[in-house]
Amino acid sequence: MNSRTLLTLAGIAALALAPAFVYPMLMVKLLCFAIFASAFNLMLGYTGLLSFGHAMFFGTAGYILGLGMKHLGWSPEIGLIAGMAGAGLLGFIAGAIAIRREGIYFAMITLAISQLIYFLAMQTDWTGRDDGLHGIPRGRLFGLIDLENDLALYGLVAVCFVLALAAIHRIVTSPFGQVLTAIRENEPRALSLGYDVARYKVLAFTLSAALSGLAGGLKALALSYESLNDLHWSLSGEVVMMCILGGLGTLSGPVAGAFFVILLQNFLADKVGEWLSVIIGLVFLFCILAMRKGFVGELSQRLAGLRGKARAAS
Amino acid sequence: QEAPIRIALMTDLAGPTADYGGQGGMEAIKMAVEDIGGSINGRPVEIAFIDHQNKPDIAVTKAREAYDNGTDMIINLSNSAAALGVMEIAKAKNKVVIVTGAGSSKITGDACSPNTVHFAFNAYSLSNAPVEALTRAGDDDWFLIVSDFAYGLSVEGAVTGAVDQAGGKVVGTVKHPAFMATDFSSYALQAISSGAKVIGLSNSSSDTTNSIRALKEFGLGDDQKMVAFTLLINEIHGLGIDQASGLVYATAFYWDRTEATREWSKRFYERVGKMPNMVNAGDYSGTLHYLRAVEAAGTSDADKVLEKMHEMPVNDMFAENGRVREDGMMVHDMYLVQVKTPEESKYPWDYLNVLETIPAEKAFVPLEQSECPLVAKD
Amino acid sequence: MTHVLETAGLCKEFGGFRAVSDVSLKVREGDIHALIGPNGAGKTTVFNLLTKFLQPTSGTIVLEGRDITGEKPAALARQGMVRSFQISATFPDLTVLENVRVALQRRSAPTYAFWLPGRVLDRLNARAMELLELVDMQDFAQTRAADLSYGRKRSVEIATTLAMEPRVMLLDEPTQGMGHEDVERVTRLIKRVSAGRTILMVEHNMKVVSGICDRISVLQRGSILAEGSYAEVSADPRVLEAYMGSDDADGDIGAGGEP
Amino acid sequence: MSETVLSLKNVNGWYGESHVLHGVDLDVSRGEVVSLIGRNGAGRTTILRAIMGLLERREGRIELKGRDVSSAAPHRLARAGLGYCPEERGIFSTLTCEENLLLPPVTRAGSGMIVPLSEIYEMFPNLAERARSPGTRLSGGEQQMLAIARILRTGADILLLDEISEGLAPVIVQTLARVIRELKSRGFTIVMVEQNFRFAAPLADRFFIIEHGRVIDVVQQSDLAQRMDEIRRFLGV
Amino acid sequence: MTEIFGVPAQVLYGQLLLGLVNGSFYALLSLGLSVIFGLLNIVNFAHGTMYMVGAFLAYVLLSPLGLNYWWALALVPVLAAGIGIFIERTVLKRIYGLDNIYGLLVTFALTMIIEGVVRVYFGVSGLRYPVPQALTGMLDLGFMRLPIYRVWVIVAALGLCLLTWAIIERTRLGATLRAGTENPKLVQAFGVNVPMLVTLVFGWGVGLAAFAGVLAAPLMQLTPQIGHSIIITVFGVVVIGGMGSILGSILTGLALGLLEGVAKVYYPEASSTVIFVVMILVLLVRPHGLFGKQ
């Protein structure tokens, strides 16, 4: 057994044991954001495109799931799938519009699209506007498992988390992932090799959107609640922060980043009062300046350094 | 020693709605606990402060966690979305929630819950009285500046209804994006040039204060009046009395109204450095009422406490003979006030003339019009 | 002999400045055809017109009998005309093998299949190695492209280009910035891969031009000044004056070549 | 020869993690033309960048006209009389050809060394013709001419020239050779990096042979003929 | 009275004029943002915050220190530039050369810190800064009465914009700046003290923002969020105009102010969203903004 499988197994074991030590609903939230950040990383880390509107996928899926389950009697699995599909479709449309822009222009056009979605959500009565969509039932998974039980819900989220990470791993190592890497490395060259670059980017964007939708759907399901905050640009900004702090282009980086940001918000909030944003700002600033490659990037670099030394010593 | 009674103030500690709770709220509920002696029936009262950062989903997660960890009651909940979210959880977990910092009519309307008590104010109580009073006095055509979000729209609804009922007319409305703009000159100009006798501000916080400033700047006519539908005394303090003078609004509390309010407010002022607003006073009163109900029930079991809260009248410096209705609304007298002119104001925070007291029955939505499913209809 | 690539009356103006005027170029099948000329003569511009990176002001371009004047760049690549870049164009973080494989993948393996494991590409390895052998890079298959020397990067790039099985290759100053060692490698390489295809290149290094080019067009001020074999062109006094200069007055200097 | 104006002692240099210069020792006298030769990637460009203070990480001692400038910022070096013509030319696209030419501030160091604009346009007629064009609209060769011309009018008296014959038509390369001779006769000190040995051979007084980021040998112009085979072998021709 | 789509022409003119006032702010702010982006390649998220800081500094000068508006107008940009220079020297210089996402995040963190501090000390209820005595009163334009102060805003903001534009496009210093934008290292190798230039330019950009803040102070209640609400719009302006294009920022800023003015008459709810629609449309047609370069 190689160290990679070992690590994976350890991770799964930790997931299984976590609710015994950590408040399960906090774990649920952590995992939802971890999925979201990982999905986002598929764009920024692996495709090299900074989207500044990813919250639109997260929130849209939440609303689709919420409305479907509340008013149409959908079951949770239908809600999640519909949420993913909706987010994916939105991703496809937004991608088709935005994909030919580069760099900051790409970021801005995705921001603009997400602001339009936000505006629409603010203008329609079904979303409850800024009051939010309340009382989403959690329902029964496959008609069998009652998700009102927090542990059952945690189980669902944990399974989805593992699947999402596996999916991302598969995507980046697939033939498609190979093309994506080539495009990120040298786009004009990929173009000259006859790759229709825009299409690959749109597909990547769509996949990332759908996975973000999974995260958003799960979160709405878990909280029984969906709000405009999930569509807001500040959430799009937060997910960028999570990825950068954790480490771009690695599988575990965004997970670490998401955990860090959410836990920081969670634990600091009630302790430091009105200094909260100052302290979070300082922590972010420090992390970005001190750890360019993010936690995971820095850690693996240190480890590689140590290993190198060990090898040299032996 | 017996298990403590756990109450939590959940509020926006530092964000844009911090006036609707924040530091002031913390001190207010501390005062309530101190005033009752720190313990009930031998059980100490423990207070926790939870910052929801003005984000409803943080509110929802934290409320769930707090209730799961033994919190009996959560109070304040500035931000309607947060309030509505926490109400669902309180209901599912059968705990108590007292809303003081949010004014959505839904809280005691279609989203009402047996576990919720709504103190202080809501959209209806803040808008009905001023509309009625002014329209009655002949100022019968209205122009509304409406903030385009749920609360602003619900105020708009209440105002329009009240204007109709009183025989007046809404001659124009302009909706602006909520909390996004600082420039209200365009709306002010539209309002002024409409020639309406009253300009009603169906918005809140900085949107309201900026509207007031813009109206003044663009020369609100002498024959035109401004009415705000959601205003805290802190905001008048920030505006300066010259900008706000003449403004009419309704409030659930004014610190300089009676001996009791003055005495309490001065104590509050010592601790916080500013005079209490209606939400602060509501936090105090709500906490006190809850603790008294626990005392009377002899338990912190939610069903029994809620029963007592509905049964017992609310009598303190905030409310005289207030009572909690079936829909969860704590009904009490409201006050129609007008901001003094700079000359009339004699000492710091001397800002308001109380024009009239609106009796509880008139201040709140009549039960027969309530959309709350808990209200027995025949 | 047939002409693979033909232009007629090609013109390009940049805001009143005529960079290319009335160029009629005929590239014969199987030739290594060089485009030379003084700086600013319009060589790069002609290249850009041929590969559709620029749109001509007037004139037509015909590839293998088809008019391609209105085509898009990516479409040309699929029709068998491929341009190699002046600046080194590899995928720096991929290995040399992967670099070539990416090019093979587009023609003969799934590219959108995000659900398949990466293993499915392994069957391209054999062909990729063949191509690497062709450019003498088989020993570097597992090296990261970024770690290669400049000349070897060019080799990788050429292998990648060959993977697309182009019938016409356009090379813009392929030996620019190379040491002697690499110049020779690449020159030999170009000669080797020219078998069965047509190559059009811009080059200032007369040694390369004289060594491998079958035919040469000399451009000056946007127009063709002379055309013919190296011997013919280098004997033309106008070409000598405008481009090659007199190789005597100041002693032993000139462009490129050996010490 | 006369006074040493530029000397490097045990200079090391890095790009990020990779160690590129491994202890370069080199000295240049006033009025001398030296050429750095070596294979691709030997580190010649890096040496010029190290002299100019453009490497992120650099160790060792560099002296300019007798002063220690090991930790001086690039603009100080320029003001002390160094002029640098980079390999990638560095033409500014938002500036016109003429603005590019006039951009570098004139330094006092060698005010006698300023080549007037009219003379520059004489040397490179293309530039006069395209004076109003945006910098990057020039052809490759025109950009190269502009890059050289640009440092001639700053008053720098020590020129660091990286691959200036690159991409130029043979006629222009011949002009360039004349220019270098002219500059030398006016007293400029020149450090050239050249791939085109045929171009550099007759011009330089000394040749520093660079391999793997260090100077492995120095050849005098006078010894050039007899050591030709050696050099040829070294350059892999 | 003539009507345009059901709105009296007079009203529309009035609204357009007000739009111009906002447009002047957008122009001034986006100009600073553009200059900073141009030379530092940093997307300065904290730009709105510096605008807010400018307004609060004016307030502080006035109420504890008793220095009036004109003093504020002169001193605040300098003070703010000082803060900017401090930030540049201590924080920003550590991220030069990295992808500009780092600049965005670092300045985002700075925003959280600075805004948080202001909030702790000044609260959220809003402070008031009075209109200077000399500029009170109204100007009767026939179709509307315009407060004189707003006229002053247009004049001052546009004057400063033009000055900055002229410096950058028409002077040698400007040419150096533009060159520095492209290749700072090389410009430094030509003898220009680029690090200092960068620091000063950042200071200048921040000073412009703070100047806008002082101009805005008498127009609104000062809360720590005022920078927040404007920065997204200003980003939009810069992107539509083309990142780093000076003229683009100024013209787009004014144009968007006008457009917003129109939106406030016909569809006010969407007035803050309209910019995003414009942004999408513009970028669809011109991927690098109206005045941007490939």
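In order of appearance the chains are A, B, C, D and E, and numbering begins at 1 in each one.
Here is the rule we use: contacts are C-beta pairs under 8 Å (C-beta built on N, C-alpha and C of every residue); 3 or more make two chains touch, one makes a residue touch a chain.
Heads up on the chains, UniProt names are A, E = ABC transporter permease; C = Amino acid ABC transporter ATP-binding protein; D = Amino acid/amide ABC transporter ATP-binding protein 2 (HAAT family).
Note that the structure is predicted; figures quoted are calculated from it, not measured.
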*Which chains, if any, touch chain A (ABC transporter permease) and chain D both?*
C, E
_Identity of the chain that, by mean CA position, is farthest from chain A (ABC transporter permease)_ = D
*If you average the Cα atoms per chain, which one ends up farthest from chain E (ABC transporter permease)?*
C
*How many Å are there between the centre of chain B and the centre of chain C, using C-alpha atoms for each centre?*
76
*Computed distance of Cα centres, chain D from chain C, in Å*: 30
*Starting from the mean Cα coordinates of chain A (ABC transporter permease) and chain B, work out the distance between those two points in Å.*
37
*So which stretches of chain B touch two or more other chains?*
14, 18, 148
*For chain C, residues that touch 2 or more chains besides their own*: none
*Could you say which residues in chain A (ABC transporter permease) touch two or more other chains, in rising order?*
123, 274-277
*Each pair of chains that touch: what are they?*
A-B, A-C, A-E, B-E, C-D, D-E
*Name, in rising order, each residue of chain A (ABC transporter permease) that touches chain E (ABC transporter permease) in their complex.*
44, 50, 97, 100-105, 108-109, 111-113, 115-116, 119, 123, 233, 237, 240-241, 244, 274-282, 284-285, 288-289, 292
*asked:* Using the touch definition from the top, list the residues of chain D that touch chain E (ABC transporter permease) in their complex.
replied: 52-54, 73-75, 77-79, 84, 86, 90, 92-95, 99-100, 102-105, 107, 151, 154
*Can you check the complex and tell me which residues of chain E (ABC transporter permease) touch chain B?*
11, 14-15, 18-19, 21-22, 116, 119-120, 123-128, 131, 138, 144-145, 147, 149-150, 216, 219-221, 223, 225-226, 229-230, 261, 264-265, 268-273
_Give the list of chain A (ABC transporter permease) residues in touch with chain B in this complex._
23, 25-26, 29, 122-123, 128-132, 134-135, 219, 223-225, 227-230, 265-266, 269-270, 273-277
*Hey, which residues of chain A (ABC transporter permease) end up touching chain C in the complex?*
170-171, 173-179, 181-182, 185-186, 188-196, 199-200, 203, 207
